[in-house]
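In what comes next, subunit A is part of two complexes: it sits with subunit B in the first one and with subunit C in the second one.
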Partner chain A sequence: MHLQLAWRNIWRNPRRTTIITIAVVVGVWSMLVVGALDRGMIDQMVRNAIATLTGDIQIHHDGYRSDPVIENSIADPKDVHNALARHLPEGSFWTARVRVNAIVSNARYSTGVTLVGIDPESEARVSFIKTAVVDGHYLASDDTTGILVGRALVDKFETKVGHKLVLMSQDTEREIASRAFRITGTFRAELEATERQFVFVNKAAAQEMLKAGNGISEVSLFLPDHETVDMVRDKLKASLPPAYEVETWRELLPIITAYLSIMDSWIFIWYLVVFIAMGFGIVNTMLMAVFERIREFGLLTALGMKPWWIIKGVLLEAFFLLIMGMAVGNAFGFASVFILNRTGIDLSALGAGAEYVGLPRVIYPTVYIQDVITANVVVFVLGLLITIYPAAKASRFTPVEALAHI
Partner chain B sequence: MSIVECKDVKKAYRQDHLFVQALGGITVTVARGAFVAIAGPSGSGKTTLLNLIGGLDTADSGRITVDEKTVTSMRQSELAVLRLYKIGFVFQSYNLIPVLSALENVEYVMLLQGVPQRERRERACSILDEVGLKEMYHRRPAELSGGQQQRVAVARAIVSNPSIVLADEPTANLDSKTGKELLQLMEKMNEEREITFIFSTHDQMVMDYARRLIILRDGLVTDDRSRDP
Partner chain C sequence: MKKGIVVIAGFSVLLLLMVGGDGYAQDAQTIVADSFNYWRGEASIATVTMRIHRADWERSYTIKAWTKGEKESLFTILSPPKDEGNGTLKRGSEMWMYNPKIDRVIKVPPSMMSQSWMGSDFSNNDLAKSDSLLYDYTHTLTGTEVDEGTMVYLITSIPKPDAPVVWGMQKLKIREDLIFLREEFYDEDQKLVKALDFYDIQILGGRRYPRVMKMQKTEAPDEYTLVEYDDLTFEETLSDDLFTLSALKTPRR
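On to the complex of A and B.
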């Protein structure tokens, strides 16, 4: 009967009930959708970063990360090869790269880039580059003069596939080395900055130009199961001499890692902000509902109802309102995320602005079950907590006042 | 044996800077099974006296006992328990919970008293039959006439056999014929169930029904007479 009473009470004023319910629906909906957008964005950033060149794990020679010059390279990759052969789980891929700062120029322009010498075959299995080629074609293994350049760089240099570029860098003897390459293809990347930053040539060509022998700058690996990165990292570390650094993407991408770690608190803060807006609505409306029924609460008190029972009655009404709003809000939230996840949200219209802050071009919102739980717990628990205020008011009307009240 | 005893009960209200002496020292006793009317001009203190007896308000001084329990020294929570089990109330209007049917309104008090569901239902039905609302179980208050609503209120007040029923101008919103019928119902319940009724009124017809009439004026008892049986 308490349930029936509460349920009927909330429908005494259908308009008001609808308004509160809509407030809860909009609140829950925006919590879920914005949370999913944030998650999708960061997921995408991580995936992009890993696929771009980072990989799940990288191996460097000590000192390369703080000073990425060719002298700090792995002069003889034999130890690394052995360790990889022994410890990589089934289904992993790896590739070795030469990676140095260089200057690229043509007759009109020159700019600083990162020169990446790759093994075209193994690189294709680890990073984005093969699939990213849009004009011309990918590097052939025996093509020692070919170079892959980002679309943005090609545009900037007003050049095209088939034309020449000159690369300049410092070699192992600290001399300036330079060499001409011919553009075999251009690539697109998620971020324009990537297109401007990286140029790709054959590893052998880079080694020769830099007089690096067999030396490589980094080994990047891709694991079939991303959850195992820490374990694989530890194994590799243990089996390699201390002169090697083995790091996971979390260590290689400190900014993204920091993003990830503040994400939970950020989402929680967002929930609170939405809740505060919604909470004011709930409290106000419940107060109105309570003040409209002063006589009735007075009557109940006169009949011998304890204050605590009256509080429970009002909380029960709030319970129904919250549950209805949450049910619809979750349904809408999931539906929106589902649809947006299919289509993706294309941010390229935002252009350079979005790019500047490192946003991917397309975001696919992703629901994290822990976010859904948090959002619902926040709405439900805080919703009931703030209703204690109007409920306590209702329990304090004395029968004499209330019965004199018209 | 008396069911209600008031001894020098005083109550003043402060309104802004003004003290209003609503009750100026009331001493009365009401016998078990009585059928008493409290009458007097507007502002004479009828409602105040009933509220004090029913534990809805607290006296400034004096002593009130209901069924041998001293109301004037009880805490709020004890008063709530007393009202729930020992006292039935019938007010002038808005007696019922609008979203509950007649039957549910009667059942609700028993729910608060912890009566099991089956028994609740049976007792509510039989009391509604007794007050002549057999066909009206499932009507909401808004679908009942004023007289019918007051009958439901009487049914609710007596369903758990309280020591007394306090009724503040129960007929004031009814036409004289309906008022008379309500009075007859109350009288019948008083006789059959031996429940004490104390009600206030302005209405001569209602006073004529009472077996004892207490007249208040300016917060004092000016007359107190019993009809011969």
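On to the complex of A and C.
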């Protein structure tokens, strides 16, 4: 009886009902879309970071992370190879790299870069570099003079594929090591900073230049199942001597991990802010609806309706409004996210600004089911809670007041 | 038979060309090496004035310089007083700098090698790798010209494929009495980047010597660095003690 009464009541004034529903729709929609945008952005950042050079897990020699010089390299990678052979789950890939800071120069320019000596074959399965080559070609395994540089660096140096670059760094004997390379290809990365920072040469060439023998700076792993990262890390750690550091991407990328951990709270706060704006609309409209019907409520009280029943009636009206708004809002939200996810949101127009805060060039919004649940619970529970105020008002109208009211 | 003669003649011409060409290249190699050694001497002690000229200011230093062989040099600044005692030691391809104000010797790291030396148009690399011209390039004599009555060799120097030099090519002008007249640095597109000119040839330290050097970048016509020799003596040899870190801190005057 209450349900039917409430449903008929809200349609006594269709315009007001529509307005309040629209408020809920817009609120829910913006919660979903903004939440999905944030999630998409951070997902993209994580994926970029992992694919750029991090991988799921990295192994270093103790001390390399705080002082990335060639002396802190893994002098004999045999232990690591054994451990990897025993503990890696099927379908994983790994690659070894030499990675030191270097200076790259040509006749007119010079700048600091990170020199990455890679094994072209295994590297291609772990990181982005093979697919990122846009001009020229990827490093061949036997090409010890080739170098891959980012497009931004090539532009800055006014050079091109086929031209020479001289790399300088410090070798294991702390002498200045320098070597000439020819650009075999240029790569494009998600962030321009990556294009400027990294240059890739063959691992053997880097080892020779730095007099590093078989030494490597890091091993990077790619796991088929990202959920098993911690387990694999623990296994590797246990089987390697303590002089090795085994770390997951969460430890290697502290900023992104921090982003991830504040994300949940950030989204919840955003939902509350949207809800507060929406909540005033709901309370206001419901109050209006209640005050319009003073005579009606007075009459109902006079007929013996208990105050609690009146509260229940008003809450049921709010319940219908919220449910309708949420249904439509969710539908719109999912639809817009679906479309945006297909096309992506291109931020490249923002250029250096987006670059500066580390935003990816294109954001693909992603819906997390937990965000949808939070959004709807927030709207529904808080929506009903604040409607208690107009409902309580309605229950307190006495028949005498109602009569005095015009 | 006739065919045979033609073939033999052809072969000998080819052979001659090869030998001749090779000899030519060998010549250029020797010319460069000899001029370089003539310019450096076995060992030398010099006082030079370095003038750094820019569009709206000019600064000059008086520097005392010791060199030995191809690889060892020591520079110390005599004036201005503000910079007095600042020194640079070069041994092999390594460089150290000394600053008396903080009493510290720093080894010039790779990251600083391509930076300018004392704010001049010379880079640390120009100093540290001055002998790179001898080892990293293949020199070819491309022609001769006559300058004020003396013959001048025109030499094109192409870096060896794996040589760690940034230049695409150098062009040298060397007088037949082994005096450098001009050294041009080109990038890989064969565009001139900077040039080092030698002027004012006179008797210095007992031999004919260019008293003035001028380094200038092509892109900045009103910026250059002049190095003028105020005094130069050549020695048979200098003590090894001179080219040590302790000598860098307390150079002999």
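One rule holds for everything that comes next: the second predicted complex is superposed on the first by the 406 of 406 C-alpha atoms of A that agree within 3 Å, B and C clash if a C-alpha of one lies under 4 Å from a C-alpha of the other, contacts with A are read in each partner's own complex, and residues count from 1 in each chain.
The rule is short, and it goes like this: a residue touches a chain if its C-beta (ideal position, glycine included) is under 8 Å from a C-beta of that chain, and two chains touch if they have at least 3 such contacts.
All of these numbers come straight from a predicted model, not from anything done at the bench.
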Quick check on the superposition: with subunit A as the shared anchor, is it clash or fit for subunit B versus subunit C? fit
Pick one for A:T145: touches subunit B only (first), subunit C only (second), both, or neither. second
So in the superposed three-chain picture, is A:D155 touching just subunit B, just subunit C, both, or none of them (first/second/both/neither)? neither
Contact-wise, after the overlay, does A:L299 reach subunit B, subunit C, both or neither (first, second, both, neither)? first
Considering only the touch criterion stated at the top, classify A:R179 as touching first (subunit B), second (subunit C), both, or neither. second
Touch check for A:Q170: first (subunit B), second (subunit C), both, or neither? second
Just subunit B (first), just subunit C (second), both, or neither: which does A:E71 touch? neither
Could you say whether A:S110 touches subunit B, subunit C, both of them, or neither, answering first, second, both or neither? second
Note down the smallest distance between any C-alpha of subunit B and any C-alpha of subunit C in the overlay, whole angstrom. 84
How about subunit A: which of its residues touch subunit C in the complex? 101-103, 105-108, 110, 112, 145, 159, 163-164, 166-170, 175-180
In the complex of these two chains, what residues of subunit A are touching subunit B? 1-2, 4-5, 8-9, 12, 295-296, 299-306, 309, 398-400, 403
Residue ranges of subunit B touching subunit A (in the complex, touch as defined): 51, 54, 56-57, 77, 80-85, 87, 89, 91, 94-95, 97-100, 104, 107-109, 111-112
The residues of subunit C that touch subunit A in their complex are 93-94, 109-111, 113-114, 159, 161-168, 185-188, 193
